[in-house]
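For reference, the structure discussed in these notes is given below.
Order as written gives the chain letters A, B, C, D, E and F; numbering starts at 1 within each chain.
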Amino acid sequence: MCLGIVGKVIKVTAADDTAIIDVHGARREISIALLGQVKVGDYVLVHAGFAIEKIDLKEAEQMVKMWEEQLNDVTPGQVL
Amino acid sequence: MSPLDRFCDTELSRKLMGRVAALADEVAERLGRPAVFIEVCGTHTVAISRLGLRSLLAGRVELRSGPGCPVCVTDHQEIDMMVNLARLPGVTVGTFGDMLRVPGSRSSLERERAGGADVRIFYSPLDAVAFAEANPEREVVFLGIGFETTAPVVASTLMRARLQGVKNFSIFSAHKLIPPAIRAVLSDPELKLDGLILPGHVSAITGRRAFDFIVKEYGLPSVISGFEPMDILIALHELLLQLHRGEARVANKYTRVVREEGNLDARKRIAECFEEVDVPWRGLGVIPESGLSLRETFRDFDARFKLNIEPAPPTPLYPPGCACKEILRGKLLPTECRLFSNVCTPVHPVGPCMVSSEGACAAYYRFERFSPVGGGI
Amino acid sequence: MKENGRDIVLLAHGDGGALTHELINNLFLRHFESNILKTLTDAAVFSVNEGRMAITTDSFVVDPPFFPGGDVGKLAVCGTVNDLAVSGARPVYLTASFILEEGLPLADLESIVQSMAGACGVAGVEIVTGDTKVVEKGHLDKIFINTTGVGYIFPGVDLGYHRIKPGDKVLVNGSLGQHGIAVLCKRYGFDFAGQVMSDCAPLNGITSLLLKEIRGIKIMRDLTRGGLATTAKEIASACGLDIWLDENCIPVDAGVKGAAEMLGLDPLYLANEGKFMVIVSPEEAEKAVAVMQGHELGRDASIIGEVKPGKGNVYLSTSLGGTKLLDLMAGSPLPRIC
Amino acid sequence: MKENGRDIVLLAHGDGGALTHELINNLFLRHFESNILKTLTDAAVFSVNEGRMAITTDSFVVDPPFFPGGDVGKLAVCGTVNDLAVSGARPVYLTASFILEEGLPLADLESIVQSMAGACGVAGVEIVTGDTKVVEKGHLDKIFINTTGVGYIFPGVDLGYHRIKPGDKVLVNGSLGQHGIAVLCKRYGFDFAGQVMSDCAPLNGITSLLLKEIRGIKIMRDLTRGGLATTAKEIASACGLDIWLDENCIPVDAGVKGAAEMLGLDPLYLANEGKFMVIVSPEEAEKAVAVMQGHELGRDASIIGEVKPGKGNVYLSTSLGGTKLLDLMAGSPLPRIC
Amino acid sequence: MSPLDRFCDTELSRKLMGRVAALADEVAERLGRPAVFIEVCGTHTVAISRLGLRSLLAGRVELRSGPGCPVCVTDHQEIDMMVNLARLPGVTVGTFGDMLRVPGSRSSLERERAGGADVRIFYSPLDAVAFAEANPEREVVFLGIGFETTAPVVASTLMRARLQGVKNFSIFSAHKLIPPAIRAVLSDPELKLDGLILPGHVSAITGRRAFDFIVKEYGLPSVISGFEPMDILIALHELLLQLHRGEARVANKYTRVVREEGNLDARKRIAECFEEVDVPWRGLGVIPESGLSLRETFRDFDARFKLNIEPAPPTPLYPPGCACKEILRGKLLPTECRLFSNVCTPVHPVGPCMVSSEGACAAYYRFERFSPVGGGI
Amino acid sequence: MCLGIVGKVIKVTAADDTAIIDVHGARREISIALLGQVKVGDYVLVHAGFAIEKIDLKEAEQMVKMWEEQLNDVTPGQVL
């Protein structure tokens, strides 16, 4: 119900709580008023022009890694 | 490759799809029927449709669409009030694109605009504030629709407008809350359900804990999911696993975004601006404390008061023949409505589920209306 | 005060009188090179030989009129050239009819006219007659341009739905959705830092190459409003066969994908102005791709699908291996939150 | 609520998707009879023989779109047919491109389309291809129509400024200013009780008759925007000769005169949509008048002036015997108090 | 045939023209130069041009154009204020078509409209009131321009608006009075003048007597004239006759419309709504008690107060090189201005006399720029 | 400076001080608030949508008649 899009922060203007994000080359100014500290290089989840959460890349890394390992396990019939 | 991109990796997804399908087969065999899950969130509905996932799980898992499309659940009465707003001289109604075509009892914002009302689409409510500043002779009313995800965005906008002393900006709040709606759905005794896919972006604000009641009160497996192919497959896998193991918990499989307590800043802003009220939902009727109305301290930004908008008279919930009520509760599939695709189409929608592209009926219409004659390429 | 009518368009520029003449002589005739146009008569006269001709018309109302990669003028020339090109014709003459909003800066008009002249040069077509109307401020948004084009159908060429058969391959000449995204992003405050631009370009070069080299071309269609999905559905409906497209083969630029996601839109429904779809016999599909790739507007050409027996539906095989239905667009793309 | 898209025009009617198809099939194809149009391809294809063709384009933006004696649809067909007719051509094919304002009642669109079909029938022309765009409410005023027309120049016909000589006579086919007055009066709340109506009519019947009967026709011009005065000045400038018009001979209907006075306007500058000027050799002038008077659109045809040596000026001999200069229109006609 | 139509009868006019020409010859001979008359009224200027009368009287009578085009005499400062009005958000400026193109010091209403201001042309100020009633969210300001003829029309409109309780309608009064302007012209010692053609429709309101001062104070022949060919010729005949006989009076040759005392009802309305003030005229400078501003009792309809319009700063009267000042005083002919027809044209007007089609320069440009090479038909 | 046009009154609505006038077939509602009694058949002078004066047809008749007589007088050389 709520489109969220991942953007990489490429500029932060703390004075007015805005940042520029980049989404595969598409850039837009968004508000970071709903987040605490945001810095260049962070990934944020954007909804309706506001960053609503930071993306935890470590968590992402862990989760895909776990699945990559599991799925590359070739035990036949493995379903869990 | 960023770890984020790997959530859309085709090869990986196809492998996981195999696991999910196999697990689903086992579960279906054990249950003697396909497992029935509800995806609460309309964005999940669309993502599932886009992936063609229903075709791949046919006979193993039945995926039903829940009440999580803010457009679909906005009541006639509220739309009628928005229409009345749009008709006021000097008023510009600002909205997200989603609301434009939703029919009220007599009109829609799209029809009002066509009839001369000033209705404008904004990507962000902040753009509406900027428009108000540039057009001081107009009263700009932004329609606050959406769930917990959108409410803090609107709250932030409001605070910004107050800070900047923008006098010709106000909000018509029709925000709604997801947990009360889930309760309303789950308390239906007729409902047969094996698990829930919970909305990832609502959870980003509310936090995982907000959904613990599902396990405590209804004992159902549930999972918070992201929206990429891997996210959805991981979530399905989790639900099937819980079912398979006879467990029930609120799993968070969107850990890169969703925290236990959610976004505390955002929750604070919601609390500062809004208070919980009983509101009607299309298809679900009035649900206690399921809506957000502006607090008294924000009366000067509350379009209902500033522009003296009377509540519109209540209207029958559905056009005759429309099965949205059952569909929104996850009790019927869109294809089971007898108006689906003959009388009711996205171009000439009858019920609310056909209006938003995220509505269950529209998603089925666009992506799954016919089964193919031949196979894939 | 700026001198009347020398910096912005006034109503009087469209009254057919003195200012209209000034505009025609000082602006249009300065950029559009054509001996036929110069006569400024009620109609342009030209000689024809026996054969078949194609005629097409389009009005261009793009908001905003200037966007990354082009403007409404370039679009107006390319759009009409492309409709002729995909019809199997060699575009020759264009008409250009302007409707201007009072207050439009003359400098904007001039740069639009300049783009038109540039696109005409690239496409090798000539604007032979035109018209200018001006309407009161608020009665239109800045500028609308109609172009109508005529061309000669290449001898021996026969394109049409009737030639499409099951087994035929579906090709496109490159990445989809660029024009639609460039325009929408400009409208809603996005910036691509020059990375995504409209693909607006005249296709008659590449189509004439294709027609010369490949005899098995069944139909060509430019993928404008409604995008690939809508055009595919139109073709499938018209010939009563199904079209299967493979999501993994459809080229979509990463930037377009990102911006489309941000706005909640589907690239398969976004407009293109330099992309076309070709349906070609299976034997010649690979050769057609090679020919297209040899032209600068076909570098990313690829086979994206196939025609199958059926009932006029379009299916997309998803990346996961599932299938979903594609249909005509229903409602213009608007930015959404859900 | 009225069903979406079935009573008024919505943006989605112009998105190229499902509603666009509905509009084309349920409205345009129902009224426009053409086997070529029916193919609904990117371009219309037709066969031609060797010879000369004429092409002309105009956009029609009349406010209000319905006026006594016609509507923008009739105008769009007649205007383009007439530009071809006065160029010495037989009009054959038209393109029709619509730009619609969101909210336009579909019933209004239908009656406009109906008028177009009617006018096509009278003129014997066929709409072979078209286009529909819809823009947001307020981005245009109700409806704009572009028509572009092609026709065959009658063999042996040679019209042009180069043929005009001193001594040639100037003719018109009837009373001036009707269209301009009908539109302005509707706009500013006047009522003619049916007495003054737009003269909007296709002229190809009477022009082809003239071309058949009279060899000495030098040029023909329809008297649209800017009226008789502006057209006369254009001709005089183009051929470097003076044109003398006699106020006493210029037919202007009493109703037009009255309304023009009320608004402070000069009928010689008002638009016509069924009137044209002919310059003809002096020997054949009387015969030309007779031929015109034999056609229902030329009942009040008369000789109104003469070409003289000079420098490209237009003079009017006034009723008092004085002379005054006529020039290009400068600024659209607006109601004045002084 | 109605007697009114006979005033445009061609045959009769041609005969009278003969008499006028012959009489003019006699007078010119006696004076040793052509008689010089001024037509105060711009509508006379246009009518004279349309008839080609100047070409017929060349060498016998010189007809000069006076200050009677309300558009031409509206000062830069006033136009600048109208422009400022048009720029206010929420304001619709209603006007007669004449004012649209008149340049102020930096802009014109036409340019403001092109730039987005809401400027609308009305045939009658009552239409502007109707527009105001239909658009209650806009403040509709009607520009009161014109002389004694138009002032009562605007006064009546105002009274009607007050009666109907229309709250969003107001007037920006720039009305001017003709007798003070005539005084200003005639008191110029350099002026050589043999007679005046007085404005018929101003006289319809003021009455003939209002012009008696011309004879008393300046001893000049003058005549009130209508606008048909016969009217103008009769007036010329009358002036020539007075000159010939050495008389001087204010003859009324428009008796079918003009009474001794004028239209008393209309004069009463003017007096009720307006008071006389000193105002600047283009070309003539400030003339005492020559303008009409709304009385205090109409402050609620006075745009200057209602919308708080500051007086615009005064600006130089003319663009460099423009001879309007002399032309408006009847001291030069438009063709004697060195910008005429090369730099200054109706399409790119430099001075005010070129702007209105009734302005002396525009009339000369349109109708009399070139003398013909050949003769008439 | 002030366009005035002669119209024939074809309808009077005293209640709101309006009349319909006819000018060679062109009709329009105008205000008669600036005149006293106006009746159907009267000729009025109209400026900016208001009748500003009644036309005295007798005066008109007299004046043209006088001139017709004078001008049809064939005395050669007559100039006054």
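Quick note on the criterion: a residue touches a chain if its C-beta (ideal position, glycine included) is under 8 Å from a C-beta of that chain, and two chains touch if they have at least 3 such contacts.
The chain lineup, named per UniProt: A, F = Hydrogenase isoenzymes formation protein HypC; B, E = Hydrogenase expression/formation protein HypD; C, D = Carbamoyl dehydratase HypE.
None of these values were measured; they are calculated from a predicted model.
A.B. asks: If you check the contacts of subunit C and subunit D, which chains show up for both?
C.D. replies: B, E
A.B. asks: Chains touching subunit E and subunit F alike, please list them.
C.D. replies: Chains that touch both subunit E and subunit F, as defined above, are D.
A.B. asks: Given a C-alpha superposition of subunit B onto subunit E, how large is the rotation in degrees, taken in steps of 5?
C.D. replies: 180
A.B. asks: Contact counts by the stated rule: is the higher one at B-C or C-E?
C.D. replies: Result: the pair with more contacts is B-C.
A.B. asks: Based on the averaged CA atom positions, which chain is farthest from subunit F?
C.D. replies: A
A.B. asks: How many angstrom lie between the centres of subunit A and subunit F, each centre taken as the mean Cα position?
C.D. replies: 82
A.B. asks: Where the centres are mean C-alpha positions, what is the separation of subunit A from subunit D, in Å?
C.D. replies: About 61 Å separates the centre of subunit A from that of subunit D.
A.B. asks: CA centre of subunit A versus CA centre of subunit E: separation in Å?
C.D. replies: 72
A.B. asks: Could you please state the distance in Å, as a whole number, between where the Cα atoms of subunit D are centred and where those of subunit F are centred?
C.D. replies: About 36 Å, centre to centre.
A.B. asks: Could you pull out the residues of subunit F that touch at least 2 other chains?
C.D. replies: Expected reply: 1-3, 47-48.
A.B. asks: At least two other chains touched by the same residue of subunit D: list those residues.
C.D. replies: 11-12, 17-19, 136, 138, 189, 264, 327, 330-331, 336-338
A.B. asks: What residues in subunit E touch two or more of the other chains?
C.D. replies: Counting only residues that touch two or more other chains, subunit E contributes 42-43, 69-70, 96, 101, 123, 127, 146, 150, 345-347, 358.
A.B. asks: All pairs of touching chains, please: list them by chain label.
C.D. replies: A-B, A-C, B-C, B-D, B-E, C-D, C-E, D-E, D-F, E-F
A.B. asks: Using the touch definition up top, name the residues of subunit D that touch subunit E in the complex.
C.D. replies: 188-189, 242, 244-246, 248, 263-264, 305-306, 308-311, 313, 315-325, 327, 330-331, 334-338
A.B. asks: Would you mind writing out the residues of subunit E in touch with subunit B in their complex?
C.D. replies: Residues of subunit E touching subunit B: 89-90, 135-137.
A.B. asks: In their shared complex, at which residues does subunit C touch subunit E?
C.D. replies: Residues of subunit C touching subunit E: 1-6, 8-12, 17-19, 22, 102-103, 136-138.
A.B. asks: Hey, which residues of subunit E end up touching subunit F in the complex?
C.D. replies: Within the complex, subunit E contacts subunit F at residues 2-4, 6-7, 12, 15-16, 19, 22-23, 26, 41-43, 68-70, 96, 123-127, 146-147, 149-150, 152-153, 156, 159-160, 199-202, 204-205, 227, 230, 234, 241, 244, 253, 255-258, 263, 265-266, 269, 358.
A.B. asks: If you look only at subunit B, which of its residues touch subunit D in the complex?
C.D. replies: The touching residues are 101, 103-108, 110-111, 113-118, 345-349.
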